[in-house]
Amino acid sequence: MITLTHFLVVSACIFCIGLYTVIAKRNAIMILIGIELMINAAILNFVAFSKYDKINYGGQVFALFAIVLAAASVAVGLAIILNVYRHYKTINPDNITDLRD
Amino acid sequence: MGLLSLLIFLPLLATVLILLLPATLRQSYKYIALGFTVVQFVLSGWLYSQFDNAATGINQANGFQFLEQLPWIRLDLGSLGQLEIDYFVGVDGVSLPLLVLSAFVMLMAIGASWNITKSTKGYFSLLMLLNMAVMGIFCALDFFLFYIFYEVMLLPLYFLIGIWGGTNREYAAIKFFIYTLFGSVFMLLIIVGLYFSVVNPETGANTFNMLHMMNPNNYVDGSFFAYLNNYYEVLGIPARMLGFIVLFIAFAIKVPIVPLHTWLPDAHVEAPTPVSIILAGILLKIGGYGIIRVCYSIFPDAAADANWWLGLIGAVSILYGALNALAQKDLKRLIAYSSVSHMGFVLLGVASLTAEGISGALFQMISHGFLSAALFFLVGVIYDRVHDRYIYNFRGLATHMPAYTGFVAVAFFASLGLPGFSAFIGEAFVIIGTFNAESVGTGIPRWMAIAGSVGILLSAAYLLWTLQRMFFGQTRFKGGEEWATLLTDVNTRERIILFPTLALALLLGVMPSLVFDKMNATVLNLVSLVSQYL
Amino acid sequence: MNLEVFLFYAFAVLAIGSALLVVSLKNTARALFLFFITLFSMAGLFLFALADFVAITQIMVYVGGVLILMIFAFMLSNKELLADLQNISGSFISLPNWQSLLLALGFFAVILLGLKEWNNDMPDWMLSNIKSGDIISPNDNNIHQLGIKFMTQYVLPFEVISIFLLMALIGAAHLSRKEDTQ
Amino acid sequence: MNYLLNISPIVASMLVVLLPFLAFLMQALLGKKFTSGIFSLVAIVLSTILSGLFVFAEVWNATPLQADYSWFTIGEKTFCFGILLNNLTVLMQFIVCIIALPVHIYSKSYMKGDAGIHRYWMYLSLFCFAMLGLTISKNLLMMYIFWELVGFASYLLIGFWFTKESAVQANKKAFLINRIGDLGFLIGLAILFSTFGTLDLVEILGKDGLLFQEVIDHNSGLITGAGICFFLGAMAKSAQFPLHLWLPDAMEGPTSVSSLIHAATMVAAGVFLLSSIFPLFNCTVLLIIAIIGTITAITAAIFALGQYDIKKILAFSTISQLGYMMVAVSIGAWDAGMFHLATHAFFKCLLFLSAGAVIHEMAHLKAHTHQDFDPQDLRNMGGLRQYMPKTFLLMSLASLALAGFPLTSGFLSKDAIVISAFEWALQQGDLYLVVPIILVLVSILTAFYIGRLIFKAFFGTLRVNADHAHLHDAPKTMLIPMAFLGICSLFIIFSWNPFSYANAAILNVLVVNYTFPEIHFLHTIVPVTLTASALLSWWIGYNWYVKGKYPLNASSSWIHLAQNQFGMNEWMMKTFVSPTVKLGKISFWFDKYIVDGLVNGASYLIKQLSGLITWIDKYIVDGIVNAVAYLAYELGNALRFVQNGRLQNYLGFTLTMVLIGIIYLILK
């Protein structure tokens, strides 16, 4: 029997991996991937909970929205990364420290 | 709005006017000040003429005239009761002559400020503010109001000395300020103590009304300053005596008495001429006035106990001031010390607790008021011309400036107590009254009168010596020919100021009744108030 | 253990495993392809949650859209970027950054803890839905229902998201266009 | 006209006082432009006429008059302008007028051409006003006022030539010494006021005055004190030893002034005062007066012997004669004192005016011949008899009167004093005889020194080179007043009997009950002795000074001592003036360094304390604050690496915080 908890644990794993990727990776594209992982973990949660909501289908609807958003964000994110590279000649976020004090 | 309020607040109006006028009209400031002061003087003359000589003043409201009483601050303080501060003004025989004197001296001071050029706006507005405060002090019958005027007076003086003064002006201004503040701060404590000890018999609330403070029945039994059941002591001094001493010191600094006089020579020497005139002519009188109005009237029992010491201080001031004056080489400082000496007579006369002594003391205040003002003005005359007042730098001024010498001689002889001038009446009656004190039994020994008379001798000595050194002999100046051209004789403006002053000294010397008539009833009332505790 | 459970675990392991590899690999190109596998297995997991349409969309949008976009962006970028991204030097797997790892594990622990707590206390709506039987069953026509919902209940968010998507695409296009030579 | 003639003595006496005051005012207002002094002259003429016809003639030997005009009230006591006209006061007033009139006339030519002539007339009128007012004051306070005013006028006149250093020193000295006396007077007033509650002479001394009611012990210390105080006043004014020092110096003033003020009137005011309040004195005070008077008489006579300045001789002579009057008052014969005052006024005034004439001529001579010599020095004179015979005559007459030669007024009055003194002393006891004996001695000395003056000035030959044409008698305006005074120096004015003072009008009208019996043989012996000894001393003087048989060494130290008054001036200077000035300096030092030092020390202490507080504030209180701030800074600096601009780090921190927050929520 596959319970809700199964989904949630998997989602937690994926989320934490995404989290790690976002923080640890020294590569803008990998950070983008980390974000996508986290979004996916979230979508998984939506979908898993959606099973208990036949009336509104809220989970699935918003899962779809989230997917669309993720797609959009990737598109924009990539565009930004390209621009950043064009500007700084690097996509290692460690080297882009304009926000430093 | 009563006459007194008008008298007090007219100068404030002048201040406002002066402050509002643009700087392009700066020539008009002195005319505004002069105009307002003239109005004030006329007003005080009107008060003088309308004054009822029979009113007894001192401790009864119906003895005062031109009374105005308005509730000013009413605050419910909860458990502390109702705060009751009145705008309460009135005059009696003690304050009326001083009021007229103040208006007159102010007029002189404005005249003496005619050539001030340094930021006239500030100068004249401060002068007018001072004028208001002084008038207020002499009229106030509510202790809180009195205190406010007393403090307001300090501020303009501080700036007037500190900005328009001589080379060492900051030192003098601060010294003056701290000295006076030292006294008045402790005075505030006593005021508060009195406030909590006295109730208004009509409302039952605590009050700052001085007249209520003078009535023993208004004191709460067992309160800090109560007459009855008062066991409070501070450092072994009974509370009422302490109150008297503290108030006395506050005013004695103003008089000034001898150990507390050192602000005076500095302040006088550094202050510009008009401020010296005001200092000597009015400020010192506030001290004497306060001792009579506050110390003696509110603490008659303590005054009766302490008057031996007061007399001693007076006698010491007379001799000490005179001896110091003898040693001076700076003319202005000499006159400043002579003020100390002459004001000693006031203290001695007041301490004598005889009608003659107190009247003499009051008369001496009036007389010293314009005589010392005239003397400072005269010093100002040569100082204006050559910026020097060192006695040995001048010689034989009599041939060079005959009219000036005439004025100086008259002023000198008037203030050394030549009969026919006002100072004589004051000093003679102080001495007669003091001498009489032993017969009346007020505790002032006769030798104090004799000491006082030695002071008269010394005052003749230093003034005549100065006259001889500076004015007689062959003309010789330190500055040579340059000074000779600078030292022109007194001009019309100076004559206009000096002549009435000295004429007044003569008039009062010949007709002392002009002043005595106004104050007799009041003085007798004061004597009877205090002498019941002897 | 039936097939269903086995498949679930298989997908789960595949998803987690490939995700871990994505993280650990140094070569961005490889990581991208491994990410492809993760997304696929996620789609598989969606099926087990009875969300067939979402699973399809996942594959279509992510695999067919996002990933292709990434790869294309990767492939089409200039040489220097490529070299940078490849970054073949060094070891095959990058050593985990311990602070980040700690943080991630911390979050994981917290989430697990939350899960544990949550199991004892499910929200009311779920309990009532379970009670009234309003639970999606494998036989339900999800797509039909979703279509109705999109056009009725969620029409406003749907429109907003469409415009948003349009804006994002225009923005992306704008950002990534070649800079004007001054 | 009738109306004018009917003015009452009171009004007339007021006018007598006020006319000179009016003149003073006019002269003061008109100032420099008006040099003729006509106001003063007219005023004094009118005053003299009024005083003589309407006051003296009416009141003399008649009922005393008095009037009071309320002046001012102090407390419950009212003081009045009071006028008291009795024999004593009208006599004094008349004397003052009758002396002042010739002096005014004399001044007109004597002071002619002086740059400050307008001031001269002004001061002179002021003096007349004050002196005349003094004479008729009923209230002692008023008398005191006039008393000081005459001193003031005298101050002004002594220092008339104020560019002369010695003159201004002299007038200062005169005023200050007079001030000492004034203070005595003032304290006396205070004593009387506290004893009787009034200063009205009539109330105190009148027929049943307060003094004679049994309320006051006449011998109490207070009354003695009052007596001594009043005498102190009189001592200063009348130049009694040792307060006489100012009078010789006062000769710096114009000679006419000396004659009026410092010989005839003002200096006699002390005697007048003592006479008016005579009942106040008890035995103790009278004895003191007698002693002082005697000492004054003898010392001044001795000092007069050693002087060379013609005016100083006369000044010391005045002092000596005032001592006579004081003795007269002290023995109770104040009428004799007043008599001597009257006679002395005339002949001493004449002496001064004559001396003035001589000095005038000598000064002219000096100016003409361009020689440098002191025109007042006897040593430069001699033989003036030939050039100024009228002056010589008048001066000799006055000298005879001074020496008490028969047929002169001085004979009468001096005899009255000396004889009364003998009678008094014989009654009192042996030791008291010292007083009359000294008086006789003084009389001989007087004759000698005045003889010396006459012989040195008028006999022999002139000791400076003289252009003889320039020495002549004084002009008429000067001579006439002198002649008038000369006539007044004769016996006939005062008594029809030239040899007995018993018939003198003044003594007969001023009724005084002597406490001692009359001893008849003295009335013959004393005048004869005095006259004989005077003649003897003149014979000696003539031999010494005219014949040139001078037996003494001119530079003998005794003469020097007499000349500079036994060094009294210096001694006084050293004992009183310098210590006072030094005391002043010490007290100023004390004030500057101790009293003000305490104030400044207090302010220094407070400054130091505030410095300490500032240090504590800066390094401890503020130190803590700074330490906190420093800590925060260092902490911030330490945490600064957080702000490294790396997005991931930011994110990491954020998440860490979120995690910590969640953990906190869980644990809570």
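Order of writing sets the labels: A, B, C and D. Residues in every chain begin at 1.
Convention: a residue touches a chain if its C-beta (ideal position, glycine included) is under 8 Å from a C-beta of that chain, and two chains touch if they have at least 3 such contacts.
None of these values were measured; they are calculated from a predicted model.
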item: Chain pair with the higher count of C-beta pairs in contact (C-D, B-D); value: B-D
item: Centre-to-centre distance between chain B and chain A (centres being mean Cα positions), rounded to whole Å; value: 90
item: Chain B-chain C separation of Cα centroids, rounded to whole Å; value: 97
item: Distance between the centres, which are taken as Cα means, of chain D and chain B, whole angstrom; value: 34
item: Chain C and chain D: spacing of chain centres that average the CA atoms, whole Å; value: 128
item: Residues of chain B engaged with two or more neighbouring chains; value: none
item: Multi-partner residues of chain D (each touching 2 or more other chains); value: 652, 655
item: In chain A, residues with contacts to at least two other chains; value: 19, 23-25
item: Chains that touch, pairwise; value: A-C, A-D, B-D, C-D
item: Residues on chain D engaged by chain C in the complex (per definition of touch); value: 652, 655-656, 659, 662-663, 666
item: List of chain C residues in touch with chain D within their complex; value: 99-100, 103, 106-107, 110, 113
item: Footprint of chain B on chain D - complex, ascending; value: 71-77, 141, 144-149, 152, 159, 162-165, 167-169, 172, 175-176, 179-180, 183, 186-187, 189-191, 193-195, 580-581, 583-585, 587-589, 591, 595-596, 599, 603
item: Sites on chain D touched by chain A in the complex; value: 640, 643-648, 650-652, 655
item: In the complex, chain C residues that touch chain A; value: 4-5, 8, 12, 15-16, 19-20, 22-23, 28, 31-32, 35, 38-39, 42, 45-46, 48-51, 53-54, 57-58, 61-62, 65-66, 69-70, 73-74, 77, 80-81, 84-85, 87, 96-97, 99-101, 103-105, 107-108, 111-112, 115, 119, 125-126, 129-130, 134-136, 140, 142, 145-146, 149-150, 153-154, 157, 161, 164-165, 168-169, 171-176, 179
